[in-house]
Amino acid sequence: MNRRIALVAVMIVAIAGCQREQRNFDETPSGATAIKSLRMSEVIPGAPDQPPHVVNPDENNAYALSEGKRLFTWYNCTGCHAEGGGGSGPALMDDVWIYGSDPANVFATIVQGRPNGMPAFGGRIPEKEVWELVAYVRSMSGKASKTAAPSRNDSIQAKPSENRVDPQPTTPYGTPQPPS
Amino acid sequence: MSTPALPGSSDVFADPARDARDAPLPEESVGLWGFLTTIDHKRIGLRFIVTAFGFFVLAGILALLMRLQLAVPENGLIGPDRYNQIFTTHGTTMMFIFAVPIMAALGVYLVPLMLGTRNIAFPRMIAYAYWLYLFGGLMLYTAFVLDVGPDAGWFSYVPLAGPQYGVGKRSDFWAQLITFTEVSGLLVTVSIITTVFKLRAPGMTIERIPLFVWAQLVTMFMTMFAMPAVMVASTALILDRLVGTHFFNYAEGGDALLWQHLFWFFGHPEVYMIFVPGLGVVSAIVPVFARRPQFGYPAMVVSLIATAFLSFGLWVHHMFATALPDVGKVLFTAASMAIAIPTAVQLFCWTVTLWTGKTVLRTPLWFVLGFFFILVLGGLTGIMVSSVPLDLQLHDTYFVVAHLHYVLIGGAVFPLFAGFHYWFPKVTGRMMDEQLGRWTFWLMFIGFNVAFFPMHILGLEGMPRRVYTYSAAMGWGALNMTATVGAIVLGFGILLFAVNVARSLRYGALAGANPWQADTLEWWYSSPPAFGNTHRIPVITSRTPLWTPGGIAGEVRGLSRSPPETLVTSGLEAHPDHRVAMPTPTIWPLISAIATTVLFIGSIFTPWAVVWGSIPVAIALTIWFWPTRAEARRHRALEKSP
Amino acid sequence: MSRARSIAAVVALASSSRALAVPLQDALDPAGPQAQHLVALWDLMLAMSTVVFVLLVGAAWIAVLRRTRREIETPDLAHSEQEHRRLTRIVSAAVIVSALGLAALVIATIATDRALAGLPLQDALHIELTGHQWWWEASYDNADPSKVFTTANEIHIPVGRPVIFSLKADDVIHSLWVPNLHGKKDLIPGRVATHTIRADRPGIYRGQCAEFCGYQHAWMGLLVVADPPDQYAKWEAHQRETVSTPSDPTAAAGQHVFESGTCAMCHAVQGTTANGRHGPDLTHVASRMTLAAVTLDNTPANLAAWIEDPARIKPGTNMPGNNLPPADMGALLAYLATLK
């Protein structure tokens, strides 16, 4: 009995490790068509949709998170959001999520754009890369596991790295937010 | 318990009464508990050797996988991610888990026997070092199987292995493997150096120490000074990755080249840590099979010491392609060429010994012949790459792959196999099959040369290292296929060796104490030497005690068997100094090693593991060293008043 | 021998989709003074090494094999003082000869180093080469900033004129190595290295990254094309030209796809609104011989396959896949074909 428990424990650790370390180079099937047309901001008429609960396959994958970190600079998110502290765009490392912090919410935000200046990246960033960015953006407020979250970059240090950020509380979409 | 002597050999020292005296102690128990608690250097040394050989086979299988992938251009057998893990694990295993430890393990087994003493110094520490080494190696392979094996090369250059580009925990496992093997290696160092200086048989002055032991001593000193550099480097790497320090971050004042300096300051002496014990093995075998004492003993000793010193002045030759100042680099060319001179002295002295001797060709001497051929070729290509401008063409190409395998396999693996065939009778009491041994040699020799010689040409034709495939248009296909075929033949040779070992363990001809009629002290003891570290201590008067008439002038009497005692002698002249109590079998080295393993592996994931993980380690070590009243009473009972 | 090998390989592999009809990398086929000096040093070392090998290994093997005994005989402990002295003299002589040989090689090394450093650098071309994972960015410097231009993976240099490379790395350590022209030099992040070459005969010289840099280290090649000076001047002038919207409607639609889709996020085409700096500059991509850092021949089929799923050709590459509808892909390809 004890041996079986130990075996199961080892397998759980092993599989968790496997998932964290897998490098998925191939395109993943999107399954995100539904999310793209969600109505989530006041600009679009009609009642807001309840986003489907989607588990981002990249959520705790170290490679995807590091790719998200790379793309955050490459696609110039830093131009408005800086390194997460915000500038002309809101801060991404705090616990204030205007449009919700669920993966589906963040995906829709990136793809649809938002009022007050968030461009719609729908046709400009392929879906796999958007999911990587979703995972990374969530990790900026500590939502990725510490072992998978990226460490510091080889650049000037602007903030503690994502693997040293304590998790901020998640905010479901629809929670009243203080004005930004 | 006496072993019948091999027909035709003379076992001058067969003595049934002695064998009865050397019966195992009651404390040296058998079974699983005995296995886990033993402090007999022979048992620990043997398991060290077997474990290292196991890792050698694993790394060899990885090498065969690489060769299969590279046999044809644009092969789809292994993708880049897996291939990177494979070559990193192959290199890391061979360098850290096989080559250095197996040479140290040979020392753990043979040095006390060659010095005529009862046990190695600090045997419990050796036991702890073994468990730590085993757990580190297992950690690496578990990581490899779980897709979290290190993938940045065995040298783990930053920034590729750094926090930004070394994604996930892979390079952290590499860095902690370093910690495991370096701690283990440093502990063995302390033991062997102490043994060589303080535990020799009376009369074994510094000029009578066998050359094998000199090689081990010199290697242990090199280890002591080189390993801290890589420990610092790997610690800084883990800190950068886990905690966010900036040792290697140029944007915040660090430097990627710092890694290279730290690593190669260790890395270059490391290859000599692998090579020098091999020289010691050759020095043990050549005189025996030439039937005359080694020519030029003082020159040989000075050469070993000179090699060790010089090896610390070469490390920049791994960095010739970087933007370091050219004048500085040329100094390292001069030093790298200069180190060829002590090795040349050794080669000339061996050649003279063989030329003026009455050589008898047995498997160990065949492997020494292979050593000459392969090592000299490797050394000459080494002189080529040691030249800064020429190295700019050859660095990081298959030419260097060829060079390094020629010197490591020629300079370490072939002597190692010579040593296996030579000392197998001593360790097991049986002879290996001579016919199979010859087949093993020729398969290994031919397979090796067919595998690695074409790589010189591939390097000159522009094939870089660490590539998972290459374009069909490059024209490298034929030579790569040849290399793969050679590698498979080499693999068969090693397989044949394993078959020979297995067969000989059961059916080998019984060997007496000294089947080769050799000259050094380990052949004075029975084959295998008595269990339990209570064998007798000789008084010697010659460098070749078993050849010189009167070389063994007598035996030390009066040492207690239970509790076991051994004799400490003075450093240079080996005058008897005092008796020291030896430890008894204990489980605490194993438990301490488990606690240390938890600390090391935990600190891959969180810095808090260093804090919390220290507590079990401290507790285990405290219990280990805590003196008990019973022990103190027993030791006091042994004291004799004047 | 190397010339024949090149021809044979080119002929034999013309059918392979990845076959590249370019000469092979060969350190022993020097096309410039730097590589020439290195070949001279190699020849010297090879000759000396062969002699030493034959003598030393011959002596050792003969020593063992010449008078072997069948049985283990009693050891011979009596060695006269005279014999010992004779042998000591022989070994000492051998050691002295070895040391002199090594000293000669040190001198040859220094001489070669000085020859390499002595390349005359008047009227040199300055190229700033930045290594990325897994491609080469080349920026041709000029005193007049408006004449600076950027290209990728295929650089042209004039025959007979020295070239000074400033080597930088954007991410990890890479190494520039074009064996026919010179030895290698590492590109280390945070440092600028300098490397000087000169091509003395026209040709296409393939190079490859020589420091392990990640997943696609194996496919990080570059081409150095040595053109006669007038041909080079034409190429250089052409590289400075920007492009304008093509007249063909399909190609014009392709430009729209390029600018409004994923391409412009990372790539630049001078003369359009696409100004991404993370991927290779594509202003003159159609005039290059190869794609993806000398991995594929520059053909429409290869280009389409690369754009659609780069990870299938170079797993781990930083370029994302682009699942374009066939019409868009056709237009894009037509546009890219106009970027000569």
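Chains here go by letter, A, B and C, matching the order in which they are written, and residues are numbered from 1 within each.
The working rule: a residue touches a chain if its C-beta (ideal position, glycine included) is under 8 Å from a C-beta of that chain, and two chains touch if they have at least 3 such contacts.
Since we're looking at a predicted model, the values are computed, not measured.
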{"item": "Of A-C and B-C, pair with higher C-beta contact tally", "value": "B-C"}
{"item": "Greatest separation from chain A - chain, by CA centre", "value": "B"}
{"item": "Approximate Å spacing (C-alpha centroids) for the pair chain A, chain B", "value": "48"}
{"item": "Between chain B and chain C, centroid-to-centroid distance (C-alpha), Å", "value": "37"}
{"item": "Between chain C and chain A, distance of the C-alpha-averaged centres to the nearest whole Å", "value": "39"}
{"item": "Residues within chain B bordering two or more other chains", "value": "81, 159, 164-165, 250-251"}
{"item": "For chain A, residues that touch 2 or more chains besides their own", "value": "23, 25, 154"}
{"item": "Touching two or more other chains - residues of chain C", "value": "171, 189, 215, 315-316"}
{"item": "Contacting residues of chain A [partner chain B, same complex]", "value": "14, 17-18, 20-23, 25, 62-63, 66, 146-148, 150-157, 160-161, 163-164"}
{"item": "Contact footprint of chain C on chain B as seen in their complex", "value": "8-9, 74, 79-81, 84, 152-153, 157, 159-160, 164-165, 250-251, 255-257, 291-293, 295-296, 299, 321-323, 326, 330, 333-334, 337-338, 340-341, 344-345, 347-352, 354-361, 365, 368-369, 372-373, 376-377, 380-381, 383-384, 387-397, 459-475, 516-517, 519, 544, 547-548"}
{"item": "Chain C - residues contacting chain B, complex", "value": "5-6, 8-10, 13, 16, 18-22, 24-28, 35, 37-38, 41-42, 45-46, 49, 52-53, 56-57, 59-65, 67-77, 79, 83-84, 87-88, 90-91, 94-95, 98-99, 102, 105-106, 108-110, 112-113, 116-117, 133, 167, 171-173, 175, 177, 179, 182-186, 188-194, 206, 208-218, 295, 315-316"}
{"item": "Chain B - residues contacting chain A, complex", "value": "81, 146-148, 159, 162-165, 167-170, 240-244, 246, 248-252, 605-606"}
{"item": "Residues of chain A that touch chain C when the two form their complex", "value": "23, 25-27, 70, 74-75, 123-126, 128-129, 154"}
